[in-house]
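Shared chain: subunit A. Partners: subunit B in the first complex, subunit C in the second.
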Partner chain A sequence: MILILSANKDFTTNEVIKWLHIFDKKYIRVHEFELFEIKVIDKKILLESQRNSFYIDDINSVWFRRGGIKFNRLQFQNESVNKIMDETQFCLEDYVIKKLESKRHINKQSNNRTNKLLILEKAVAVGLDVPTYFLADNTDHINLGKTITKSISENIMVKSAFDDFDGILYTSIIDKHEDEVFFPTFFQEKIEKEFEIRCFYLNGKVWSCAIFSQNDEQTKIDNRIYNYGKPNRNVRYTLPPEIHHKICILMTELDYNCGSIDFIKSIDGKFYFLEVNPVGQFLGISDICNYALEKEIADYL
Partner chain B sequence: MRYFNLFSSVLLTKGASRILISDLERNVSELQSLDLYNLTEDLKLNSIEDVIKEYDRDSGEIINEYIAFLLENEYGFISHNNWDNSFNQLSFNYDSSDVISNLFLELDNFSVLHKIRSAMDTIDIRYLVIYSIRQLSKEELGELDFIFENTPLEGIEIYCPYYDQINDAFLSYLSDTSKRIYKLVLYNCDTITFSTNENLKFSLEYTKDYITIKNCGIVDLKYFNTNNSKIFESKNYNSCLFKKIGIDIDGNIKNCPLMPDHFGNIRNTSLEKVLEMAGFKKYWNLTKDHIEICKDCEFRYICTDCRAFTEKTHQNKEGLDTSKPLKCGYDPYTGEWSEWSTNPLKEKAMRYYDFKIKQ
Partner chain C sequence: MENRIRSEEKNKLPLNFKYLNKLGSKKSKELNKKICYVKCDKFQTDFLTRVTPFKAFTRML
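The block that comes next holds the complex of A and B.
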């Protein structure tokens, strides 16, 4: 039995599930708001929610896509009892999650939060080219027009805080100095790009797509600012073997066996590493490059 | 030296008199000359400078214009010293997670729908197209979605006769209760009793004409779509019949309700069994590259094809009908469209299918 931890309406999950049907593989799909209780029946651990009920021993592989297993934690009136029971419940929950992660899996619930700063340090350590970056609380040392800023956190969707704001945190160029000191912010050297490369990684295999966004002023800095009239060209691409090799080392070091990785190919011919997202979208490149990645995932599970 | 690289998502289909450039990312196709095609072939083997050198001075100008055209439309890009081999060719593999993508049903009795529902326990059917010869009540239309609750069926398209009970309340009820209906076509619709700007979840079309199931199979520019899954399918399989199943008014299971061969009746066999029958899939692999005349047509990978009504002029060794669709008015050798139904050369085939010959 395959366990899929995902969001209720995640389209990518639906596409993978269609292939599981074809392969005749049985699965359980868990939504993001499901709360599980840990029960024991005949010495075996059973997880039960309003929608699902399964023994963890019956799970052969796990795809951590979104959300994760969440537990309904009991509260007790007596504070001391509550404390000890809280600790006990945590231990059991931790055991269940780690036990599930010890099975064949795609990504891990316990490792789903990326840290851009740590990832960049590791990327440098494995020998990938990374555009110079630093944190600052002012713009004193910023080379205007040649520096970009992006969010430190990976949570790219924020609930729209202002009108006319779509809630996605885009990368942008710094074009003027700020007088005041601000919260520590991530700055990075802007690379003159020939094109961007979006890769999908699964267990040592890499599928790449070159994105020609440079021809288009609208998408030059962040290709997610989509030009619907004239979409960017997305083309099947093969990375040089040494870059491919370094990606594999980096992903192993980060303990991700699946994820999306972004590069820039600069006009001077170098491949600059930008970031890794273990739960990124990949159907776009799968479709345009005809890579059938949803089938690859279903096949692996 | 400069080298021209065609983007892999740009497909050039060579016809007898022209080519079709299909842009698989932007989902558009355009017609161009054979000269442009020959140039792109040259540019695969030689640098831009060498190609220009081959032509005399006047043509050199034209070559530059053609290359400017290709670059302007972003059909390709220029690299220096050599072609850029890091860019791989697109695979034209067609791999889909449906067992049956399309079930075409000529509906009279709802019991057939329950039969189809039970087949869906083992086979994934993605879309259902229903042509109804009789009026469908509000209850019947509402029931459609209910029958296919918790199945992999994603969409239902319905063609049924109009009657005066179909009003705004009726349509908004249907829109609110149905998850799968994405298109409703009302025929025999002389006056309308509903407003056409209602905000419905499905698309609503109506026509005065009496649509019969025999209206299907028309090959025309307006039905051509450029998108990668359509093109990948056409390159590998028959774009009309691949992963399609049909059930006619009498319950006979066919490749399409309009085809003569049947593989049993839904009353006494199952769709699963029919799918396993020898011969059921015989047309699935017949691509346009093997259909006479069509194989010389630049539209062959975006064409809808039709195996039910053909000109009945050719048959291959396996006994498959490899003739051009009857209801296609295009001649790839002259590059001209004309009205198919008045073409005297098609008279014999039309008489065979019992079509009225327009004077």
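The block that comes next holds the complex of A and C.
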């Protein structure tokens, strides 16, 4: 039995499930708001929520896509008892999650938070080229027009940021100095690019797509500001073996066996690493490049 | 249209909030509301959407 930890609304999960049906593989899909109770029946651990009920011994593989297993933790009236029981419940919950992660899996719930700053440090350590970056609370050392800023958080959506619109924190070029200090912000050298590369990594295999975003004013700084009228050209791409090798080392160091990775190929021929997202979207490059990555995931599980 | 987040917040924000982009449009919001989801036991979801093929069928022949 396959355990899929995902979101009720996640479209990507549906696409993988289509292939699980074709392969005739059985699965359980857990949604993001499900709360589980840990029970023991005949010495076997049973997880039970309003939607699902399964023994952890019956699970053969786990795909952590979104959300994760959450537990209904009980509260106790006596403060001292509550403290002991809180720790007891944590031990059980931690055991269940670690047991599930010890099975064949794609990514882990316990390792689902990315830290872009630490990832960049590790990328440098494995020998990947990374555009010079720094944190600052002022623009004193900013090279105007040649420095970008972007969010270090995974979530970049800002609800109700404008009267009629939500907002989104894309990558932006710094074009003027600020008089006042601000909250510590991530700055990075802007690389003149030949094209961008979006990769999908799964257990040592890498599938890549070159995105020619540099010729369009709308997409040249951040290709996610899509030009629907005249979309960027996207083609299959094969990374040089040494970059592929360094990606594998980096992903092993980060303890991710799956993820989406972004690079820039600069006009001077270097491959600059930008970031890794273990739960990133991959259906785009899968469709455009005919990689059938959803089939690869279903096949692995 | 100025984003209102920076003026509403008492604490300082990172500089990238100054460059906040608008997401979507009124029209796309209205379109999103019209997306029909169906509850589907087979896919174990309450949000299965009917999708059109990404590529035209003639391109795949």
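One rule holds for everything that comes next: the second predicted complex is superposed on the first by the 291 of 301 C-alpha atoms of A that agree within 3 Å, B and C clash if a C-alpha of one lies under 4 Å from a C-alpha of the other, contacts with A are read in each partner's own complex, and residues count from 1 in each chain.
The rule is short, and it goes like this: contacts are C-beta pairs under 8 Å (C-beta built on N, C-alpha and C of every residue); 3 or more make two chains touch, one makes a residue touch a chain.
As the structure is a computational prediction, the values presented were derived from the model and not from experiment.
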| item | value |
| --- | --- |
| Contacts of A:R236 with subunit B and subunit C, given as first, second, both or neither | first |
| A:K295 touches, of subunit B and subunit C: first, second, both or neither? | first |
| Touching partner for A:F212 - first (subunit B), second (subunit C), both, neither | first |
| Subunit B versus subunit C as contact partner of A:F183, first or second or both or neither | second |
| Partner contacting more residues of subunit A (subunit B vs subunit C) | C |
| Partner chain in contact with A:D287 - subunit B first, subunit C second, else both or neither | both |
| Subunit B versus subunit C as contact partner of A:Y133, first or second or both or neither | neither |
| First, second, both or neither for A:Y55, with subunit B first and subunit C second | neither |
| Contacts of A:H21 with subunit B and subunit C, given as first, second, both or neither | both |
| On subunit A, positions contacted by subunit B and by subunit C | 21, 287-288 |
| Residue ranges of subunit A in contact with subunit C within the complex | 8-9, 11, 13-14, 17, 21, 27-29, 31, 137, 139, 149-151, 157-158, 161-170, 172, 174, 178, 181-186, 225, 287-288 |
| Sites on subunit C touched by subunit A in the complex | 1, 3-5, 11-17, 19-26, 37, 42-49, 54-55 |
| Residues of subunit B that touch subunit A when the two form their complex | 7-9, 24-26, 74, 77, 86-93, 95, 97-99, 124, 152, 228, 232 |
| Subunit B-facing residues of subunit A, complex | 15, 18-19, 21-22, 210, 212, 215, 230-231, 233-240, 287-290, 292, 294-295 |
